[in-house]
Every structure is written in C-alpha cells, then in structure tokens.
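Next come two complexes, and both contain subunit A; in the first it sits with subunit B, in the second with subunit C.
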Partner chain A sequence: MYKIVTKRQLVPHINLFEFSAKEIAAKTKPGQFVILRVDERGERIPLTVADADVEKGTITVVCHEVGKTTKKLGKLEGGDYILDLLGPLGKPAEIEKFGTVICVGGGVMVAPLHFQAKAFREAGNKVIGVIGARTENQLIFENEMREVCDEFYVATDDGTKGHKGLDFLKELLKEKKIDRVIAMGPIVTLKSVSELTRLNGIPTIVTLIPIMVDAMGMCGACRVTVGGKTMFACVDGPDFDGHQVDFEELMARLKMFTPQEKLAFVFHEEE
Partner chain B sequence: MEMEKEELRIGVFVCHCGFNIGGVIDVPAVVEYAQTLPNVVCAEENLYMCSSAGLDLIKECIKNCNLNRVVVASCTPATHEPVFRSACEEAGLNKYLFEMVNIREHSSWVHMHHPKEATEKAKDLIRMAVAKASYFEPQIESELEIKPSALVIGGGISGMTAAMCLARQGFDVHLVEKEAEFGGMLRHLHKLQPTERDASEVLREAIPAVKANTNIHIHLSSLVKEVKGFIGNFDVTLQKNDSNELEQIKVGTIIVATGGEVFKPLGMYGYQENENVMTQLELEQLLKKGKLKKPKKVVMIQCVGAREKTGRTYCSRICCMVALNNALLLKKLYPDVEINILFRDLQTYGEYEDFYREARANFINFIRYDPDRPPKVASKSDTKLMVTVYDAYLGAEIEMDSDLVVLSTPLIQHEDGRKLSPILKVPLGADGFFFEAHPKLRPIDFTSEGIYVCGTAHGPKDVTESIAQAYAAASRAGIPMALRKIRAEAVKALVDKDICVNCDACVVSCIFNAIEAETFGLPNIIEANCKGCGVCAAECPMGAMQLVHFTDEQILAAIEALFKPKKLASSSESFDPIVLCFACQWCSYGAADLAGVSRIQYPPNVRIIRVPCSGRVDVLHVLKAFQNGADGVIITGCLIGDCHYIDGNMKAKNRVDVMKKSLGALGIDLERLEIGFASSSEGKKFATMMTNFVEKIRRLGPNPLRVKVRGD
Partner chain C sequence: MSKPKPKIKKEVVPMRKQDPKERSHNFNEVAQGYTEEQAMAEAERCLQCVKAPCIQGCPVEVDISTFINLIRERKFDEAISKIKEKNSLPAICGRVCPQEEQCQANCTMGKVGDPVSVGRLERFLADWERERGYENPQKTASTGRRVAIVGAGPAGLTAAADLAKLGHEAVIFEALHKPGGVLIYGIPEFRLPKDIVEAEAEYVEKLGVTIKMNAMIGKLYTIKELLGQFDAVFIGTGAGLPRFMRIPGENLCGIYSANEFLIRVNLMKAYAFPRSDTPIYVGEKVAVIGGGNVAMDSARSALRLGAKEVKIVYRRSRKEMPARAEEIENAEEEGIVFDFLTNPRRFIGNERGWVKAMECIRMRLGEPDVSGRRRPIPIEGSEFIMDVDTVIIAIGRTPNPIIQRTTEGLEVTKWGTIVTDENGKTSIDGVYAGGDIVTGEATVISAMGAGKKAAKAIHEHLMKKVKAKKAT
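And then the complex of A and B:
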C-alpha cells in the first residue's frame, strides 16, 4: 500500500498526486515512469513521473481521468492509499549539455516535461519551454514550467490562450540554432512536432505512451515501430527518435480497446 | 450553457389515415392520452393529416397555441417527413423541432389483430417522441462554397482525359505529373487492342490538346506533397522533383489518376537471369523500337505473380488480352514462329473472345497448367531456354525448347500511389489499389467528399475502360463545381471541448475523415465531410462527442419515457415482454416499413427507435434500456457490406460482441441483446427477426433488473 501524501485538482479531471515512496523517489530519474494499481480490479496505470523528492521520499504524478480506473483514482484524496506502485521503469531521458533545447508538452504530459526541462536547465542547457492544451482551461503546470525555462511560450488548439497551434514554432526553428527538441503529449502533438523538426533535421525525442500491461518487456502490448523495427516502449523507451516513429500505427493500436474502455467507463459511472 | 430555457409547448397530431390507422388503433383514445403528457399543450386528430386540411390544422395550431415542438403520429417518415417539415416551416417553426411517429407501418399494419396492443404501442411511441422532442433544438443547414477548380493527379491517359473533360466544361484544372512528360503507361505500350492503333499515335493527339488548353495548368516533374482541407477548399502543396521548390494551389475537387505499374517477377522463371526471359511490357518495348531479334519458339506464361494464394490474389484482367495481342503481332511479323501460351484460365471477356479465335486460327497453341505444378524454365545457354510444363489435360509433362519466354505479370499499385494514400487520407484495398466508397453505389468516389478515382490507380484496366472511368470521374467532380456550393448536413457531429479528453477515438472512428485532431488533440469537425452517422458519438468514451438531433440526451429521454409510467404486470399475471429495437434509418427501418406495407404481422411488443445508423447506438443506450426495464434490446442495421456509412454496422456488431461479455456482470442474460441485419427489401426477414426475438425473450422471462426498477 502506498500513501497519497497530497492530492490536488489542477483543472477539472486532471489531478496531481504525491505518493510516499522512498525507494522509488531515490532512484527515479526524469523520463522514467511508474505503474500503479488503485485496487485489485482496475487497470494498471502507467504514469510518467513529474517530480521526485529524495529528501521527502515522495514522487509526483499527474493523471487525467479518461476511463474507469483513472476516474477511481481521481476519487481518492490525501491520506488515502493505493494498492501498489511499481518503478522506476523505462530508460531515463538522455540529459546532457546539448546547447539549446526546446521542450514541447501537451495536455497532462506537461507535468513530466517540467521534470525533464528542469534537468536540462541544471545540465547547463538553454531551455525553451512550450506548453499547450486544447483550450485555455486545460493548461496545467504553467508556472512550474515558466520557472525552469529561459524562454516560455503557451499555445492552445482553439487559440483561447497564447499561440493557436504550433505553427509559430516554424519561425522559432528558423531563427534560432536549436540542438535538441523534446516532445511529450498526445500522439498528434508528437507527430506534428516531429514533422516540423524533420525539415531542419533537429534531433527530436518523443515520449511514447502506448497501451501497456506489465511494463517489463514481457507482454508485448506496448510494441511500437521505430525505424522499421519493433520496440517495446516499456523497456526500450519510453523515449524514441521522433523522426523514426510510426505514429499512424501507434494511433491505431491505442484505439484497439475503445468499445471495452467505454463499456467499463459507462458501467463504472452506474456503480 | 446557462441560457434561459423557453417554456416547452408541444403539439401532438394523430392521423387516422382513413381506415389504415383508425381501423385498428383507437385514435381518439390516443389523442386523449397525448393531452396528458408533459408539456403537451394541444393534441389533435385528422382523417388524413397529410391532406391540406390536416396540414392547415398543424399550421393553425402552431400559430394559435404558440407551439415550439410538433409531433405527428402517422405513417413512415421515409415518405411523409418532408411534407410535415415544410408545414412546420411555413408556420415559422424550424423543421428540426418536428418529430414523426410511425404508428401505421410499425403498428396498425403489423398488429392488425391486436387493436388493444396496437393502441398501447401508439401511446408508447408518442410518449417517447414527445420526450425526445423536448430536447430538440433548431438547426441550420449551412452552405459551403466550392472552388470551381480541380486537381488531377497523374498525367497518363486517364488523367489527361479527366483534365480535358473538366477544362472543356470551363473549370480550371491543375494537372500534375511526376515525370517530365505526359503519357504515363501509354508511353511504353506498342499497339493498343482491339484496334492495333499505335499507343504513340493516341498520345500525339492527346498531349498537344492538353497543352493547348488554357484552362489546364500544367505541373510536370511534380509530386503532391501535402493536401489539407476538404471538398470545395483543398489546399494542395506541390513539390518539384528532387528540389525543395514548393508551390501552393487551391482546388475544390481532386481526381486520383496515378495509374499502376507492371509487376517485375524477380526470382521467377529465370527473369533477369536470362536475357530472353522478359515481361510482356518489355517485349512490347522491343517490338515498338523494332529491336526484337527474330525468335523461333516463343513461350508465354500467364498469371505470373497474380491470382496467388496470398498477397496478389487478384486477377489483373488485362494480361490475357495483352498476351494474345502480342502473340498475334509476333505471328504477323514472323509467320513461321511457334508460339505456346501456358495459361491457368483464359479470360477473354466480351469482344476480346475474337482475339482468342484469331489466335487459334493462327496456330497459336494453348496449354493449361496447374497452379500447384507451375511451369519450369531452365537456361540451356545464355539465350536458349527449356520450358517444362505439366499439361493438366494430357496428364503428362511436356518439354519445349524456346528462345523467348514472355511472362504475363499483373498491374500493381506503385510506390507513389502508396505514398499518396495517407496524404489524401483515402484508403487502399487489400490488393493495394485505391479503394472506392462503394462498388455499386459510389464506384468513382472515395468516402471523403470531393475526391474521385479513375484508371489503373483503381485496379487493372485497359485503355478503353480507363478513358470511360476518367469521364465518369470528371462528371462526378463536375457536379459540386457546377453548383458552386454544397449544403452541409445539419445532423452532424459536435464536440464539447470541456468534456473531451483528447483521446481521438472519434478521429480514428470516422471513416469519412470528417474529424481531424488539432495539435493538442482537440477534435476539429469538418462539416463538409460529416455524413451524420453518429459513429464517433458512440465511440467517444466520455460522451463529449454528440450527434446533433440524435444526442444521447434525446435518445435516453425516449428510452426513459418508454418505461417510466409503465405499470408492469405483477408476477402473477402473464409476462408480456417489452423489447426495444434500434433501427437504422436506411435499410432496417425500411425493412420494418415494408413489413408494414406487406401486412406481415409480428408481436406488438417491439418499440422502434430510429437512429441514423446502427453504429450510432451507444453502449450507454443499451445499458440504460436494460436498467430501465427493457426485457430485450435488438439493434438492427443494413446488411454487412451494405452499410450506408460504409462500416457503421460492423462497429455496432463489434460493440454488441463486447457488451455481451459484460452483461453478465449486471445480472442480465446475454441472450437479451441481439443484433440483426436486413435490407430494405426484406420486410419478411425483419418481421421474423422480431417474432423470434420476442419469443426468445418470452422464454427467458422478465429482465431481473425490471423487478428492481419497478419495485414489483
């Protein structure tokens, strides 16, 4: 059992959880993830770590309520317990001094992006942060990101705040010498960022979040095609070269269980 | 939205339809009942509601009673909905505030011997319609402008024909060809069948005509790099070959005429190992250039790399004619040449049968080979070959010397076609060729509006067929461009961006490419492409996506209204099940209508809810039906393969399969949920389906939740 130290609703349906997990906190590096179970009957939820506090012995994750299990998690409060927490999993992000790094994040993934952005800054990089969401009231971690970035931009799909979409990045990529781009968020975000940087040949690392079950390279549920080769996001990733990822396949694979997910969700609402 | 809700004022109009409804259903009782329903301020009856007297009655009541919703209970909306809708509009009521209840085809005509039950059913259906109509909102059918210019991709004979046809109708055409010259496959062909006309002669006429036409903008050595937008407003980016030179054009429609290429049989029959083994196309090129060395003994092998067990399983259609044509040309050039054609099945359809007769008359030999024992080709020297074939008729192996082996290989999709498919977001079939929306109903169209296909990009064809299809594509593309505008569906998808979680299930589920994900996942609905099937709404896990005029709120209101005031028989009385049937507005609703027209009787326990497509039926609707006390739920749609929204019925079936696995957890027997398919000509099948289902439910007994819900 792992204790929820704090729970905070960031925006409707997106919650921040700080779990007491001393051993995991001591070992977690930016880019890694954990898998948690709320109780015995739910799904295993993989979540990229948004922060780790070694002294307090806590890790922070941010979770979007998108189905039955995440909704169940959302109902828990500080002081409650979850069944288990497994981690850190996956390879840590490659943090070096590259020069100027753009960190682009969308939706709920802005939280773990902030963990990486901080690390890039500490490694001596100039960090340009770009965060986005479909609409203004869905933006999270704006202040947290602003704090760890040398330059900072906001974008929304509907233009309710900041730039509309990511087209403005084209100019930014033209004007400045960018050494690396990190993208985290919905697959469409990763895809459009990778398309933008492909023209300039800027190394682009994307964090993939496929359907995952055991997270230890055994079940194969999280397989993705990168550069024509099959990789497992859980052990070979979750970070991959954005110019090599088959995003279409990933998108189709993510929708494999849509009717089941909906059914579980609708039934859960009735419980 | 915190808008002030207007007070609902609903009018219900019940039609006798002479004796058709009134002879079975107690109309006055139904009218009296309708008056008691919530928000109903007037209920009227008429002998014929569709007569001018009936329509005037509706119009007067709208004005006198300030009605803001109208429900007409009469016949099928398939024929009479437009009539009543215009009456509403004439009285100043938006036509989307009108709902029709079918108490003739779906009640009086199919329950002729059960007047009491038919009357109760009419009351139920009206109550459901009133509940649903309470949630209606006025809708506008928006108009979209169409740019009168077309993009034709591919400058072969199909593309040039389509471009010329549109240009001569006065439309601007952008003709894009990846090569430096027009002509496509025809540049490589020699003599065309059946006329033996020189392919180059055809091009000598076609190319200058295209170049001289001022309406045609020529883009040679160019590729389509990116296409954005939708019918009427496509933004196209063209790229000059091997350069970064980009050009932007705007067009209203797109015709795909990218052609195909000939399969190269590497590793088969000594191809590219012996110089005298070649494809039919390579033979034609030698004949064309006059560089063929005179052969003595020619062997042609048919179906090389085609009609395979997996992969290229299709017949390439043209190879039999190509082989006969080339064999006859060889015979003409060198009358003493010996030609053996090894075939699996010779398919010389239509007038091409004459070729076969001519070939036989010219002593060309035909030997049938067994695909399980294909011929073998061995090199005796650099130029001499030995062909061994098992003759299926003779039952023995034959060996023959040869100095020219010609392989008939199929046309296949080429790399550029494959690359174009995701750019245009149009599908390729299992054979790799571009895949039309429907083989019979829309053979030239793609599912995405404003994009059409012709020529060998769509599958193997000869020149004549390619030209015919090019005219067809130009004709299809000409319709919206001539009208200059199209009317978008008012029944369309609508997303609530506050509930949406960026999962993009809707984007993936839409077969019409009507939903695009913005950069951070916000679904953007392209009204011009939306057909109003509602599949996306049923797929959306959050209920964020809705189908206007068929929202969850409206459908659930109808479901709840069916059960709410019901006094169910206590367990001591005999059990009379209530079965809810979702029927798609096309085939299955039509089948139910036909059952009525044909007076095919089925049990009066069925209540039909009309939906645009079976794919609109949400797991939530089914769950709510059971929770409210439905004893059985049956979803009906078009026959598999005949869905008017391509695969909505398949999605419905998939959903039913998934739901069946979970019903047990609710304590509901999975037999209580069923899906059935019927075409609109299958009234009998629909009635049988309902009879069998009601009987099955009767055997299963009452829905166990029903006891809980009703508390009896």
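And then the complex of A and C:
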C-alpha cells in the first residue's frame, strides 16, 4: 500500500498526487515513469513522474480523469492509499549541456515537462518553455514552469490565453539558434512539433506513453515503430527521436481498446 | 499367510475432466483431480521398484516410491510431508510438470501398460492438504545470514523456501504485483487456478520468507546494492520477453504477443472485464502462431473469451509440436483447429490500422536442425490469404535483460542468458542464478531444480563465510 500524502485538484478533472514512496523517490530521474494500480480489481496504468523529493521520500504525478482508473484515482484524497506503485521505469531523459533547449508540452504532460526543464537548466542550458492547453482554464503548472525557464510562452488551442496554437513556434525556430527540442503531450502535438523541427534539422525528443500492461518489457503492448524498427516504449523509451517515430501507427494503437474503455467507464458510473 | 495379490491393472485410473462443450466457455479448472479412492487405486499400480527409476527422472528428486506407498496405507499427511521435503510447490508441479518426460517416462509399469500417474497423485495429496489448511511449518533457528532473491517465479520461490528451511533469512524482490512469475501471469486459470499459486506462495512465506512486491531489481536497486545489504544474491528473473515474427504489419491493432494476451487474462483477470478493470479484445477469427504450451494456452483462452474460430498456425507438423500431448488433446477436444506446415509472411490491415488477414505460406519438412526437429522449408508459390481479426504470437520467450544490462562484471551469453557453473554460481562472487534466465525458456520444474541446487550452493558459501569469520 502506498499513501497519498497530498492530493490537489489543479483544474477540473486534472489532479496532482504526491505519493509516499521513499525507495522510488531516491532513484527517480526526470523522464522516468511509474505504474500504479488503485485497488485489487485495478488495471496498471503508466504515469510520468512530475517530481521526486528524496528528502521527503515522495514522488508526484499529475493525472487527467479520462477513464475508469483515472476517475477512481480522482476520488481518492490525501491520507488514502493505493494498492501498487512500481518504479522508476523507463530510461531517464538524456540531460546534458546542449545550449538552448525548447521544452514544449501540452495538457497534463506539462507537469513532467517541468521536471525535465528544471534539470536542463541545472545542467547549464538556456531553457525556453512553451506550454499549452485546449483553453485557458485547462492550463496547469504555469508558475512552476515559468520559474525554471529563461524564456516562457503560453499557447491555447482557442486563443483564450497566449498564442493561438503552436504556429508561433515556426518563427521562434527561425529567430533563434535552438540546439534541442523536448516535446511532451498529446500525440498530435508531438507530431506537429516534430514536423516543424524536421525542416530546421533540430534534434527533437518526444516522450511516448502508449498502452502498457506490465511496463517492464514483457508484453509488447507499447511497441512503436521508430526509424523502421519496433521498439518497446517501456524499456527502450519512453523518449525517442521525434523525426523517426511512426505517429500514425501509434495513434491507431492507442485506440485499440477504446470501445472497452467506454464500456468500463459506463459500468463504473453505474456501480 | 498373506492373501494373493490381485492382478495389477495396466490402465491408469482416469481423472475427471470438465466436459469440453461446457469448459470451452469458462475459466474453471479443466482437470478435476482424483478422489481418495481413485488415488488409492492408482497408487496400488506402483510396483515399488527397488531402484525407483522414477526418482532419477525428477529434477528435484522427490522420493516418489515412498510417497506412493504412504498413499496405499492411506497416510496422506505423511505422504505430502515426504513430497515437501524436496518440493515446496506440489499443487503446482502436480498440474504443470511434464511428468510424461520425467518421472513417468522411467516408470517400469510403462513397459507393460500406462505408467503410474505420479503427477495426479502428487496433485491429489497437495489438494488434500490445502483443503484441510496447512499446518504451520516449523521455522529453523536463524543463521543470521541474509539472501536476496530476485524474482518470485518457480526458481526464486524454491530457492527461497530451501534457504529458509536452512535458517537463512530470504527476501524475494518481485517486480510484478503478485508472486508466482509465469505461474501467475502465464499459465491460465483453467490449467492452474491462481488461488493455488497464491496458497503455495503463502506457504513459502510461512517458512519465513519475505516477498517484496513492486520491486524491480535493476531499477529500484542494482545487484551491487543488494550485495551491500545481503550476504548473497540469487537471480531467477526468467524468460519473460516476447519474441515477435519480425514480418510486415506486426504492429497492427489486434495482434498480441502471447505474453500480452496471457498477462491480460491471467494476471489482470481480463476475462472478468468489466468487473476487473483491464480490458481484452478477442474477435471472431483468431490465429495463434506457434506450437508450444503457450500457444495452446493462448488458443484455449481465446476460445473461452468468445472467439468463433481459433486456429493454431504452426510451421512444422504435429509430431514436432513442443506442447504436452495432454494439452494438444485438450485443445482438440475443445474445438481448436490445427493448421500445420503453415507460416505467416505478412499481416494485412484495414484502413483503421486493424489486422484483417494474414498472408501465409505452406511449408515442408527438410533435414533435422540443431533442435533435432526437422527444419521447415517454405514451398514457394504456395502463398494464400487467411482471414483473421485477432492474432496471438506464441513463438517463444527470451531472457529478461534488465539485470544483465545493469550489472557490471556479470558474464552473459550471446543469447542474453546468465553464465553459471553447474551449481548456479555466476561470474560475481556471492551471486547465483537459475531457471530460464540461465537455460533459456524451459519448464517450471527445471527452474525449481535449479533453484534447489543454487540454494544448496548458497548455503555452503554462507556457512564457509560463517566459519571464516569465527576463525578470525
């Protein structure tokens, strides 16, 4: 059993959880993820770590209520327990001094992006942060991200705050010498960012979280095609070269259980 | 004067099974086990050979002739204790050991009729004991030595149990959320009920073993870090990585590795979806690629999940199939179709990225290869299209690589298995390994045999250290 030390609703349907997990906290590096299971009937879901506090012995994740499991998790409060927490999993992000690094992220993945942005800055990079959401009141981790970036931009799909969409990135990439781009968020965002940076030949790392079951290399549910080769996101990733990823295949695979997920959700609501 | 002995029956006492029509729709155990009377009747068939060739066929050297004789005397409690001297997981072994290749292959009765069903008798005793509730085993006085065991599969559980019986503190680190390894994630409920695996793992805990879940060694701690906290380490991480065909279209939706399919069904209980949260999708036409026990398990699970037609597609012929004869028979009875001498070449998808067919090619058999089985050779021009909406790839598993990648100085073969001597000693002092991580994919009982040998070697290593310490 793992205790929820803090639970905070950031915006409607997006919650932050801080779990007591001393051993995991001591080993977690930016870019890694955990698997959790809420209860005995629960499925295993991967969540990218948004922070690790070695002294307090906690790790933080941010999660969007999109299905049965995340909804169940959302009902828990500080002081409650979840059944299983496994980690750290996946390879840590490659944090080095590259020069100027753009960290661009959308949705809940802005939270783990801030963990990486912080590390890039500590490694001596100039960090340009770009965060986005569908609309203004869905933006999360704005202050946390601003704090760890040298330059900072906000974008929303509907233009209610900051730039409308990510088109402004094109100018940014033209104006400045960018050495590396880190993209975390919905697949469509990862794909469009990768397409933009491909034109300028800027190395672009995307974080992929496909469907996973064991998340330790055993099942292959998370297989993705990168540069024509099949990779397992759980052990070979989750970070990959955005210019090499087959995003179409990944999008189709993410929908593999959509009818079942809907059924589970309805079943959960009726219970 | 003793009364004349009745003539020994040549035929094995049959075991009750669920009717194929019924069982192909449920996940309850297929084989129902012997009654006391049936067990005693089967035990009567044992010739009590002086040399007991059966024991030589057992990787953990269970005293088979003695426990069978105790059944004849209706001393079931003594009989199960006899087994447990050597084997801490009898309910599991009685069900999934390939006895026909081991103890029963050597049985003298086998020369004149059916060999004595050692497996069914072992299962009978284990179930008899479990139904009555285990007696708490006596704990051995502590030696003060601590051993870390990596992986709670058959090798790890056996090594830990044996070390605990010798008075060492054994702590198992298991990466999944339940103990059992392949017994819990791989073998289906209808062949090995999961409450039995849980009960046998609990028995191991009662011996004094601690099992720590959600602890992935190589990530949470390295082997080197474990050596700082423990006097020795045993690695039993198994062969859990799926092998894929590496042919076009393999990442289409609807194509699973057997591991993914079985982990969803067994560990995550997706057959109870939506009462359990993990989903599974099974279409109408399922093809399972492969001819081993895992292929049979996958095919029979798919059938139980509602598939209309399930085909085993195997590149060799029936004779070369590695699956147990009993399991092939069970699959056939349930209506699984076998497509021999056939191999897929590519998978064909629809506009939504789902598999809708596979292009196959017919094969013929050539000369025997290194495995001793005749090599399958494609017959060019024999390509044809098979309509499928679900594919399960069950062509083998490879060693889990995480420890090898994170442990400097650990000698590994080019296949990724860990190099050990015959007692499980690796290239690092104090580090031992056994089971599939050393041999590549094999059987539950051979992994248990390796766990046993390593436990003995670890014990000797630890006691040497104790003596050395005392001398200084």
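Here is the rule we go by: the second predicted complex is superposed on the first by the 271 of 271 C-alpha atoms of A that agree within 3 Å, B and C clash if a C-alpha of one lies under 4 Å from a C-alpha of the other, contacts with A are read in each partner's own complex, and residues count from 1 in each chain.
The criterion applied here is as follows: contacts are C-beta pairs under 8 Å (C-beta built on N, C-alpha and C of every residue); 3 or more make two chains touch, one makes a residue touch a chain.
Quick caveat: nothing in here was measured; it's all calculated off a predicted structure.
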**OP:** Figure out whether A:N200 sits in contact with subunit B (first) or subunit C (second), or with both, or with neither.
**Re:** neither
**OP:** Once the structures are superposed on A, label A:G107 by its partner contacts, choosing first (subunit B), second (subunit C), both or neither.
**Re:** first
Original post:
Can A:T230 be said to touch subunit B (first), subunit C (second), both, or neither?
Top reply: second
**OP:** Using the superposition on chain A described above, determine whether A:G87 touches subunit B (first), subunit C (second), both, or neither.
**Re:** second
**OP:** State whether A:E23 touches subunit B only (first), subunit C only (second), both chains, or neither.
**Re:** second
**OP:** Based on the superposed arrangement, let me know which partner A:E261 touches: subunit B (first), subunit C (second), both, or neither?
**Re:** both
Original post:
Which holds for A:A221: it touches subunit B only (first), subunit C only (second), both, or neither?
Top reply: second
Original post:
Does subunit B (first) or subunit C (second) touch A:Q9, or do both, or does neither?
Top reply: neither
Subject >> subunit A residues contacted in one complex by subunit B, in the other by subunit C >> reply: 248, 252, 255, 259-261, 263-264, 267
Subject >> Footprint of subunit A on subunit B - complex, ascending >> reply: 422, 497-498, 500-505, 508-509, 517-522, 524, 539-542, 618-620, 623, 627, 654-655, 658-659, 662, 665-666
Original post:
Where on subunit C does subunit A make contact in their complex?
Top reply: 175-177, 185, 213-216, 219-221, 240-242, 244, 246, 250-254, 256-257, 259-260, 263-264, 267-269, 273-281, 352-354, 400-402
Subject >> Of all residues in subunit A, those that touch subunit C in their complex >> reply: 23-24, 27, 37, 41-44, 68-69, 83-89, 213-214, 216-221, 223-225, 230, 235, 248-249, 252-253, 255-257, 259-261, 263-264, 267-268
Original post:
Of all residues in subunit A, which touch subunit B in the complex?
Top reply: 12-13, 64-67, 106-107, 132-135, 137, 155-158, 165-166, 185-189, 192, 248, 251-252, 254-255, 258-267, 270
